[in-house]
Every structure is written in structure tokens, then in C-alpha cells.
Amino acid sequence: MTSPDRRARALEVLREQRIETPSWGYGNSGTRFKVFAQPGVPRTPEEKIDDAATVHRFTGVAPLVSLHIPWDRVEDFAALAEHARAQGIELGAINANTFQDDDYRLGSVCHPDPAVRRKATDHLLECVDIMDATGSRDLKLWFADGTNYPGQDSIRDRQDRLAEVLAEVYARLTGDQRLLLEYKFFEPAVYTTDVPDWGTSFAHCLALGPQAQVVLDTGHHAPGTNIEFIVATLLRHGRLGAFDFNSRFYADDDLMAGAADPFQLFRIMHELVQAEAVAGVPATGSSTGQPISFFLDQCHNIEPKVAAMIRSVTNIQEATAKALLVDTDALTAAQRSGDVLGAYAVLKDAYDTDVRPLLGELREGLGLHPDPSAAYAASGYFEQVSRDRVGGEQAGWGA
Amino acid sequence: MTSPDRRARALEVLREQRIETPSWGYGNSGTRFKVFAQPGVPRTPEEKIDDAATVHRFTGVAPLVSLHIPWDRVEDFAALAEHARAQGIELGAINANTFQDDDYRLGSVCHPDPAVRRKATDHLLECVDIMDATGSRDLKLWFADGTNYPGQDSIRDRQDRLAEVLAEVYARLTGDQRLLLEYKFFEPAVYTTDVPDWGTSFAHCLALGPQAQVVLDTGHHAPGTNIEFIVATLLRHGRLGAFDFNSRFYADDDLMAGAADPFQLFRIMHELVQAEAVAGVPATGSSTGQPISFFLDQCHNIEPKVAAMIRSVTNIQEATAKALLVDTDALTAAQRSGDVLGAYAVLKDAYDTDVRPLLGELREGLGLHPDPSAAYAASGYFEQVSRDRVGGEQAGWGA
Amino acid sequence: MTSPDRRARALEVLREQRIETPSWGYGNSGTRFKVFAQPGVPRTPEEKIDDAATVHRFTGVAPLVSLHIPWDRVEDFAALAEHARAQGIELGAINANTFQDDDYRLGSVCHPDPAVRRKATDHLLECVDIMDATGSRDLKLWFADGTNYPGQDSIRDRQDRLAEVLAEVYARLTGDQRLLLEYKFFEPAVYTTDVPDWGTSFAHCLALGPQAQVVLDTGHHAPGTNIEFIVATLLRHGRLGAFDFNSRFYADDDLMAGAADPFQLFRIMHELVQAEAVAGVPATGSSTGQPISFFLDQCHNIEPKVAAMIRSVTNIQEATAKALLVDTDALTAAQRSGDVLGAYAVLKDAYDTDVRPLLGELREGLGLHPDPSAAYAASGYFEQVSRDRVGGEQAGWGA
Amino acid sequence: MTSPDRRARALEVLREQRIETPSWGYGNSGTRFKVFAQPGVPRTPEEKIDDAATVHRFTGVAPLVSLHIPWDRVEDFAALAEHARAQGIELGAINANTFQDDDYRLGSVCHPDPAVRRKATDHLLECVDIMDATGSRDLKLWFADGTNYPGQDSIRDRQDRLAEVLAEVYARLTGDQRLLLEYKFFEPAVYTTDVPDWGTSFAHCLALGPQAQVVLDTGHHAPGTNIEFIVATLLRHGRLGAFDFNSRFYADDDLMAGAADPFQLFRIMHELVQAEAVAGVPATGSSTGQPISFFLDQCHNIEPKVAAMIRSVTNIQEATAKALLVDTDALTAAQRSGDVLGAYAVLKDAYDTDVRPLLGELREGLGLHPDPSAAYAASGYFEQVSRDRVGGEQAGWGA
């Protein structure tokens, strides 16, 4: 039985939870084999923002949208921010792109040619300029850099080049701006990836300074990796800056968060709840003293995009709610006494709870329909944009 | 020390080895993140054939080129075959494509909608028509079909649909035409793949009849899979129809054959040599009584394509040569007596041998330069086609 | 909302569900690093049966216990069966052991030495004798056979030897006895395993005859393998004979069923429910026309064993109950219409349901406490056997 | 063609290479399923040392043997060191064991109970005492600590406990003694491992001080992990203290070094050669300013142990020799100019070279037979110890 106090506290935290959706998740995407176009897909950054605002309108907890440069480059970022505010949301993190120019065939910030590194660095600096214009706090860096063949380049030289570029970009940050460095096990490079694991990202962040933190993308690990261990470890060192949520069965599948292994998502959230780092407050010991960002970073290659984003948000909410219901006193007591099955049972009791009524109550308290997916489906939004967004070029990755 | 007899026999077999290169390996390719264009890339099926003929001219063992429909669709396939012959090579297998039409978003031959299945089936039947025109023996089928989310479709119904389509296509074959069914662990679908493993392909082939055999793509397995075991097992059941050679570190990386794990390629070749199934003769017990096809199926996303294909051919030759040098009598004696280290040593002795002199001799016997990569680099072919192939649209996957 | 009809039907099926626990799961077990002894562990086959009966007494759905020979060898198996019946349960499958004799260092049924194969075969035949004595229907065969080094033995010869032994054993079966052939990806052999995947087991079963079927152990697959696909495929071919349930994070961890990925267990159960093969009735098209056996096969290296077994049984029940609540009409409609998110939502709705009240009702209907774990903990059984079972030698794997 | 200078330099480095063999590699070992006893296995630490000395006598590059406490605990370690010297070798690293006492069921240095942590810490301190007695430089710490079930213990608390114990042990070191912290992906714990990856070990070493470095065991990574990347990264940070060499196909298989993927071992050696860190000299920037230790850590479950150790040593030598033959000028030139295939070709040319003649020359220069495996086989040592070592208890892991 969930205690009334715990339930009330859960509602309080869930009310403060903030999930940031990615502009590129509203555009077309696909695999190397095919990008399937979908009806109603946005053609402009503004239309992506409209979709993001729709997700917020039905969920109440997604008031931020991340931009990707150059896909979302506009003349006037202040005007774009204004457009977002008019729709009820804010612009969030700026994501850099150093992988879609022919110059980047062999890398960007790690490229053997200094001219290419310069070009990539300038792009990163431009992103900080954009952050100044939009008021964004987070510069999120994921590098596609790596090699495909043994011997292709010097692993170690590439690390040195990376460190040098990062230092220049870090020095450009002002105020409470953060540099968030993402790691990824493989893809698109397949032999080496220049930031393949949390350790590499962590070591670079240490070298940079307190405003550098690690981004954990839940799809970027080797098979069998215990992700919640990494969460706990980065929290312990104060260097967990952000999540990129999504789910996967095999590679970086970029499925909806919580779709592949909801128990894993719950365990991740449990680590955050233990560290009181879920909702809008900085985790104890954070090197930046700023809250962790909860980004979604996923593609919807075959399913409708706004509906998939809504489902992802509610999946995260469900995992969070279950984690908030864990009877932590009972858990700690069982752990301390070496009661393996008792401790597992406490966790599983919370996980087995059907939290949909609790979340329905949360939404009604926010003036929303208790079932965002159903309400969205009934709203006619998809049909409307499918009719309206005809002509022009649909947004996509531009691969 | 390699015995002179074994060396002579190796040369004999290597002289008969036939490797078939893929037309699409000469075009641009990439990842979902970016396709980098390269200079000198062919713009037409004829130019792809010219590149394939170049690989054969320098290696002497690549006299066949596989086509991919619709990427290589032409008005007059007989004329295309004639063009190939004029360049010194032949057209090989026909590869079907049922993954690049918007109708195939949820699958092709396994799609829930019978109309889509009909469309896909008609494409497969068209491919047999083309085989009739080109004189190709092999219909190679790889299906991108699968699902991304649990529940998305009925796993079992999809198998039934697949079986029905395959039966219709199989019935259309004539003479010694073969249906070769490829399996793949994941990608582009990520939750289920409709032919994910050799067992599924094998079971369908059994149901179809003797002219149906399995294609083993060396990049299409789960991590840790022992591929040579599958080779041995399929040979034992007479159902190994073809290889798609390439190499990989993590997923279906489509690197040059032998690049990632040359010892594994050697072990695969060892199984073939044991079964006397390397060069142009049918493996004992083959359901078709036809030789195994040695296809290359790889991409060259960042490296020059013709040079990469030549290197792949020579990598396969090296693995084959080493396998032919295994002292099989000593190996069998060690195995039978339970001498674990002795048996391993026999295999490793062959593997440790530098077979480049032997292959140089082979090539000189064929009137070729002993080092195909060096000879190609010196030939000026790349520079020539880079100058000539300007304008038009470079060949690619069209994703 | 779950319809009352579906709920009633679920209760009906759950009442008929039968889970068979393994005698060796009550003994000590461990890793190659250490076997930790636990209090109260049985010292005799009879005491293991007492523990199995205890699991049944609290769950009501575990009326069978599997034996492992020689660990459970007794003088008088009829008397052992009588002991079981007196405790309220029955003897189930006979599990053979051909891996713990020094003769089996290089294999048993696949060993290069015919004398070792003879010894192993005789053990298997003895197991059928025991089946005759106990009335067991299932001969469950898992072979530790394989090799550790490339070249160590001929992969193909080993398959031939395996086929020959299996044929002799199959010929010995009488009546409705079944030969159930288990596969395992790796361990204890690490280079090759002689029955590494479902395809290999399936091919051997086909060669043997209709009374041979495949055992799917949920911990015996490569990382990323879609197990429910294999379930669906084996059902389609009528060759799914049994499950060995357990769970795993990385290798064959043998954790409690449902502990590592409860969503996966639910998806497996969903395939069985779709095929109406959950409870005591044969799956349509089964080659034997007999129901699938639901074995547990797990170790409890650090947790108390009877309590862990009870939890495993209830975890399986929960997954089954959720699968029975799937709104199959809505699911099929969504699948047929290509509604990816709708179909996923139907599955997830069932999974999100808290089925503990339903299972409580089931148990009360059987005259049991609604919470078996709590009732067992309160029963004092563990404390009692911990006091009683002192002296003698605790049961274990004897490694 | 290998340049004479490069060949001469390779010989020079190979002459200085030092490989340290593990005492436990001479004893019986196995899997959780079975430990197969072998003839001639040592019964005492002295006999293990005799075997290690035999490996050195035939290879010339294995003059050190690692001890494992308590398996090698003796009354008088100075006398043991004297015994070793009399055989021509030295005692090397001290390996602690905190996993084979019943108290360690839920961990040792991370155990929730402070009394268990105290016991484990005292054992570690005793190991430093032994180091003082033997003159060993390296304290090698691998912890079996971890959890099997979600919730079983607090991931983060366990890190804090670990840090506290390590700090106490580190403070006990004197002179140039090093604390070497090993990481391992999984096993024996399967849900979490308390030091699962290089990042965790690295972060603890940073916190401890310069005399703490990371141990990289080549078998302790997730599938698909690029190990040479980790080597390069740890070298860059000065924290690569030692290797545990062995090889694996799937898990921590502990096969002979180089047996499973010789190309990978070559690539690892290439990173060391690039950093001039192969033979007896400290890598530039090492936090300790001491050379990297090259440990073997493997089991020989089915193969004879001394012969397997000799083969492992020569496998490492072959990989090292090939790495030393890489034309680094050509490699760097190709890398800098973005010549992907050219750079790969340089590496592969070295790898394809048959270095057995070079190593034969090296050994003859040391007054040894050019083929250590053949010379050992001919020596009669195995037959002699098989006759002599009868009675008593064979050494083993004591699991």
C-alpha cells in the first residue's frame, strides 16, 4: 500500500518535472535504408515549435524545446524565442551539428586537418552566440567523430585535438551556460568513436572545469551495460548534466522512451529520486549547481511524431511516479540487513503499482485531460496539420 | 613448413575461386547521419560494371557483378549483359529491393495489407523475369521487413504471409535458378526482424524445396555468434547457398571483408575447405547441387570504392589461402586424440603463414601484377574516372 | 478497462497453469568463484521434494518437481514418487547430466572418443529407465558439449556424433515420452557450443521425429535476441516443447524469472496466450500433441531458495495474467490497420495493469493466502528447516 | 619489406619485454559446472613457482610470477622469494582475494556491514605486509563485489564504502608500491559490479593519488568494446598501470592470450608501441613513473597448463613483434593526409608479416630454442611432474 504522504509528495515532484522535447523529433527521420515521409510534418522551425507546444499543451510537463543547428537556423533567434513563448513554451538547449558537411567525412573536431577543426570550432562558437540570443543555458555536444578502420587515424592524437577544441569553446561560455558532452558507443563511426563512453566524457569535463557535464543518452551503451550504475556514479561526482531519453533493443534505435524496457527506465529514475534530482532542483554536489536537464532524443521513423512524443513523455512520467512511490525506509532497512529478496520486493512493489490514476489526478490538477494520448487523438490536431502543411519541404535530418 | 603438395593444391583451388562484387558497392553510401559523395562514382549501371570489371582486371578472381533492382534497372538487360561481357565480366545475382517505396513503411512481403504484399511479390517476380533476361542463376532476397514496437504486428501472421509469398516466387523459378534467402539480426527494423537468424531462413527453405538455400551475411549476427558453426551446420544440411562477405565491429557495419577480424574469416574459410566447397564445385550434399556463391556485400562510406573492393577480394584470398595450407592430417590426428593445444597449433601455424608470396605467384601465373592494390593505384583509373564522371547523378542507395 | 469477460477467462486459465520447479534450485549453487552455503538447504532428494511441495502449498500452481540425474539418484524411484505424492506434488521431467565426470572434459555425446560417447549414451538411456519408473513424460537434454579453442575439434563431426546418439535415445522412448532438446549460446564451452541456438535444436528434432521438441531457456541467447520471436516461430512449427524460465542481465545468470526484464516475460507470455498454449492444453499443431512444459531453471546463489522460487512463480503468474488481459480484438484491429502506436498502446495497457488483486482473488479461490511470499515468510518454514537440516551434506551441483 | 633498422629495434625491445605469469594459472580451474583435474598440477606455492620458472626457461621473457593470497599464503615469504630466485625468477604482484569467505556473500569492501568491510580491509593490509616481505611492487585489486538484483543494495553507498577502504589501503603503501585497481563488466555479480568499467576505476585512482593506477583485463568488457581505445585513453591520462592478458569469445572466458582475436591483441600492442611503453620503461606521463606491468591472467580448464602458458607468452610476443614492425612514418603520413586505405594497409602489412623467424632469432640470441612450445614438449617436464606430483591436494581456486 502506498502511504498517503508518499503519494502527496510524488504529486508535488511530478508537478515540477520538466521534459524537453527535440525539434528534430517532429521532422522526418529514418534509417540508412529509407526515410519514410509522413503527413503533417513541419516545414519550418516555427512549425516544429508548434508541435512541441502541442505536446506541452496535452502533458503539462514539456515546456521546453531543444534546437539543432543548422537544421533550426533562422535569421532572428529572438523572434523564434518569441514565437515559442507565444505558443506557451521556451527554447531550450542548442545542439551543434558537425557531421553533415562533406568536410566532415573523417571527423570534425578530431579531424587530422586543422582547417576542418577550425571550421567545426567556429560552428560551436556560433552555437554559443545563438545561446546568447535565445537565452539557452545548455550547449549540447555530440560528435559523430571516429574512425571505421584500424590504423585510420591516431586514437590518441584525436583525443588531444578534441581537448583543444573543447577548451576553446568552454572559454567562450558566459554566466551559467553549460557545456554538455555526450558520449556514444558506436555509430556512425564503427571502429572507434572519439567519445565512446562516460569515462571519456567525464575525463574531458574534469579537464574543462565545473560548467562541463556529461550527457547520458540511454541508447548509447554497449549491450548489457548497467545504465543506472552510470547515473549513480556521475551523480556522485557531480557531473551528470543531462539525459537524452529514448529506448532501444539493439543499437541506437531511438525508440520512444520507456518502450523497450520500462523496468530499466524505472531503475534509472529510482537513482535520481534517491539523489533528489528529479524535478528542477540541482543534485547535491553538482559541479554546476544547476538542475539536470531531461531531454528526449528520439526518432519516430514509422509512427506519427507528436503522438509518439506525448507517449514518451507519459512513459517517463510513469517511471518517475513509480520511483517516487518506492518505500525508501523499507528499502534501506532491507539493504542494510542484507535481505536480498526483501529489498527487491520493495522496489518491485512500487514498479507493479498502476500509477495511471495518480498521473490522471496530476493532470486534472493542472487543468488537463487525464489521458494525454486520448485527448490529443480526439483533438484533431494531426488531421489539421496534415491538411495545412502541404507544399514546401518537410523538415528532416538532411542526410 | 608448408608441404609442396599442399602449396600446389592451394594454388590450384585459388585459381578457381570466384568472388562476385556488388554493383551498389561502387555507388555512394552512408549512414542515417550522412552520405558523403566521392569523386569518380558511377552514374549508370554501365559505369558500375566498368568498375567491377576493373576489380576483376587487377585481381583475376572477380568475374561477376551482382545487380540490385531497381537501382540497376535498364531498358535492355541483354544489352547490359553484353556490356559486361565486353568488359570481361558477367552479370551475376539479381537482388530484389522491397524497402524503398513509401508503401513499405510497415513491411513488404509481411505487410498486414494484402495489396502491399501483392506489390512486393510482383517486384520479386519481375526480378525472376530479369534473371531470365540476364541469365542469372541466383535470386537473392533480403527483406527489411520487421517491426519496431512490441505489439505492432503479429509475429506469427507475418511468418505465414512471408511463407505464402516465397512459395509463389519459388514456383516461378525455372531450370537451375535458385532462391537465396538472407537473414539479418536487426536493422532497419529494431524490435523484430522477420528473418532474423539462420534457423528462420532454413525453415522457410525446407518448406520451399531444394532450390531454396540460405545466404549467410557475415555482418548479420548477434554479438558473440560463432559464424563458422553456422557455416558448418548449413553445409551439413546442404542448405548453404551463398555468402555475403563484409566485416563489422558492432552492427552491420559493412566494412571491407576481413578488415575487422581476419582470424574469423580464416576460420570460416577453414570450414569451407574442410567441406571442399571453396572453388566452383558444389559442397557435398548441397540441396541444389550447385556451387556456393561468394558475394561481397559491403559499403565504402569513407574510403574509395574500387580500391576498397580490391582490398576486400585480396583479404578473402588471403584467408582462403591460409585455410588451404592447414595440415589437415595433423589437425585431424590432434583432434581425434584430444590434443587441444596441438590442434589449435596446427590451425594457428597456417594462419600465421604469410601467404602474400603465394598469392603473388598465383597472380603472376594469371598474367597479373602480384600486388593488385599497388597496381591499381599506379594505373590512374581512379584519377581518370574522377575526371570523366562529372555531371549526371551519382549512383547511391536512394534512401 | 479490463472487460469482466476477459477477467473471468484469465482467472480460468490461471487456475490451470502449471509451473514445474527444479530440484537443484533448492540446493546450493554459485559461480566459478564461490558457492556460498545457506542454512536450511536440503541434503537429500526427499528434502528437495519437501521444499518443492512447500512452493506448491503457497502458490497452488507448482505441483511438479524436475529431477536431475545423478544428483537425485535414489535406489527406489517409485518410492520417491510416492514421497512426492504424499507431499502433494508429482515428479516431473528427468534431466540428464553428462558434464560432471572427468571423462567429459572434451565433451560427452560429441566427444571424439566413441567410448566416452557410449558412456554418455548409456547415461541417457538410464534416464529413460528412470522415466519409466517415475512415470515422467519428459527427458530434458542439455549438453555442456562444445570446444574452447578454434581447431580443437571438427564442428561438423561433432554434429554427426550428436545426431547418432540422439537417434539411439529417441528410439528408446515409449508411449507419450518426449525428448526435449535444449540449446545454449555459450557456457561452459566458450568457442563453440554443440547446440548453440534454436535452429540447431530444431534441425535435430526434425531429424528425430515428432516426439522430439525444443526447450527454450530464457537465459540462453546472445545479447539482443528477440526471444518472443523464437517462441512464435517454434509454435508455428509445432516444436516448442518446454520453457526453462529464469532471467538474466548478461550471461546465463539464472536469476529469478521476471526479475531482470518483466516486460520481456510478458511479451513471451503474450505469444503463448495468442496461441492458446498457456495452460495445460497442447498448442495447435504441436508435433507431440502435448502441452508445453513450464519449467523453472534457476539458481539462487545469494538469496534464500524457497522464497526465491515462490517469487519466481508469482512473477510468471503476473506476466501471464497481464498477457491474458490484452484486448486481442483491439490489438488485431490496430495491427491490421497499421496503427503502430495504437497497437503498442493495447499491449502496454495490459502490461501497466496491476494484476496483484486478480491473482489474490485466484489464490483465495484456491483456498490460499493472497500473498504467497508474505504467507511463506510468516509460516516459519525457513526457520524450521534451518534448525532441522543440520549435519549431513547439503545438496549442490557437485562441481 | 621491413627495414633492417626497424627489425633491429624490434629485437632490442623484444629482448626487454617482461611478462608475468599467474601462480593460479598452474592450478586446476573450471566453470561453475565442473573443475576437471589434470595430471602434474602443483600442490604447493613452490611447485607453482617451479612451473612458472619452466615457462621462463623456455621463453626467456617471463621472469616474474604473481601470487594470490590466500591461495599462495606461506609461513615464510622471504623463503618463498628465495625459492623463486633459485629457480631463476622473481615474485611479482600480490593479488588479494576478498570473495571466497562465506562472509563475502553480499560483497567485501562494499558490503553493507562495516564488520565485513573491516575484515576485507584487514586482508588488503595484510597483502601490503606480504609485499614488504616479498619486495613486490604491485598490489593488484580485483573485487568480486556487486549485486544480483535491482534494489539489493544502494549503488551509491557502495561506491562510498569502496572509496573509504581504498583510501585506507593506499595510505599504507610505502616507497614505490602501487595500488592497481582492476575493473570488470560482470561476473560473479550480474546486476551491478562495483567497479564495472575503466571510468569507475579511473575516478577512484584520481581520488587516491598518483600511485593508484588502472588494470585493464582484456576479458572484462562489454561485447563490442574497443579495448585499444581504452589503452590509448589511460596512457594519455598516465593511469594505465597494468594489463591482465587473456582472450575471450563471449564472457570472461580466460582463454590463452591472443587465441580468440589475434588482430585485436596486435592493435593493443600497437597503442603501446606508439607510446613507447612496451618494454621496461615507463610510459610518458605515467602518474607513477613506473613501467606498465604485463600480467597474464587466464585459466586452462581443459588444456595442459604450462604448455598453455608458454603459448600465451609467445602469442603476446608475436603481437608485440608485429606492432614493432609497423612503419610508423608511413602510417602517420597516411593518417595526416586522410588516406584511409593507405593507413589501414600500413597496419595490415605489419600484421600479415610472419614474425616467427624474428622471434626465433631473438630466442637463439638468448641461448634458447627458437620454438619454445616444441622445446618444452620435447623436454619431458610434463611427464616428469605428472609422475612426481602424486598425492597431496592439487592447487585450485578453492571455490
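Note that the chains take the letters A, B, C and D in the order they are written out, and that residue 1 is the start of every chain.
By our rule, contacts are C-beta pairs under 8 Å (C-beta built on N, C-alpha and C of every residue); 3 or more make two chains touch, one makes a residue touch a chain.
Molecules present, by chain and UniProt name: A, B, C, D = L-rhamnose isomerase / sugar isomerase.
What you see is a predicted model, and the numbers here were worked out from it, not measured in a lab.
Peer 1: Walk from chain B over to chain D along touching chains and report the minimum step count.
Peer 2: Minimum step count, chain B to chain D: 1.
Peer 1: Write down the chain pair with more C-beta contact pairs when A-B is set against A-D.
Peer 2: A-D
Peer 1: With centres defined as the mean C-alpha position, give me the chain A-chain D separation in Å.
Peer 2: 39
Peer 1: Could you say which residues in chain B touch two or more other chains, in rising order?
Peer 2: Those would be 105-106, 148-150, 185-186, 191, 223-224, 226, 249-250, 259-260, 263, 302-303, 340-341, 344.
Peer 1: Can you tell me which positions in chain A touch chain D when the two form their complex?
Peer 2: Within the complex, chain A touches chain D at residues 105-106, 112-113, 148-157, 159-160, 185-186, 191-193, 196-200, 202-203, 206, 221-226, 228-229, 232-233, 235-237, 263, 267, 270-271, 274-275, 331-332, 334-338, 340-341, 343-344, 346-348.
Peer 1: Which residues of chain A touch chain B in their complex?
Peer 2: Residues in contact with chain B: 29-37, 99-100, 102, 104-106, 144, 148-150, 185-188, 190-191, 223, 248-251, 253, 255-256, 259-260, 301-303, 397, 399.
Peer 1: What residues of chain B sit close enough to touch chain D in their complex?
Peer 2: Going through chain B, the ones touching chain D are 223-224, 226, 249-250, 259-264, 302-304, 307-308, 311, 318, 340-341, 344-345, 351-354, 356, 373.
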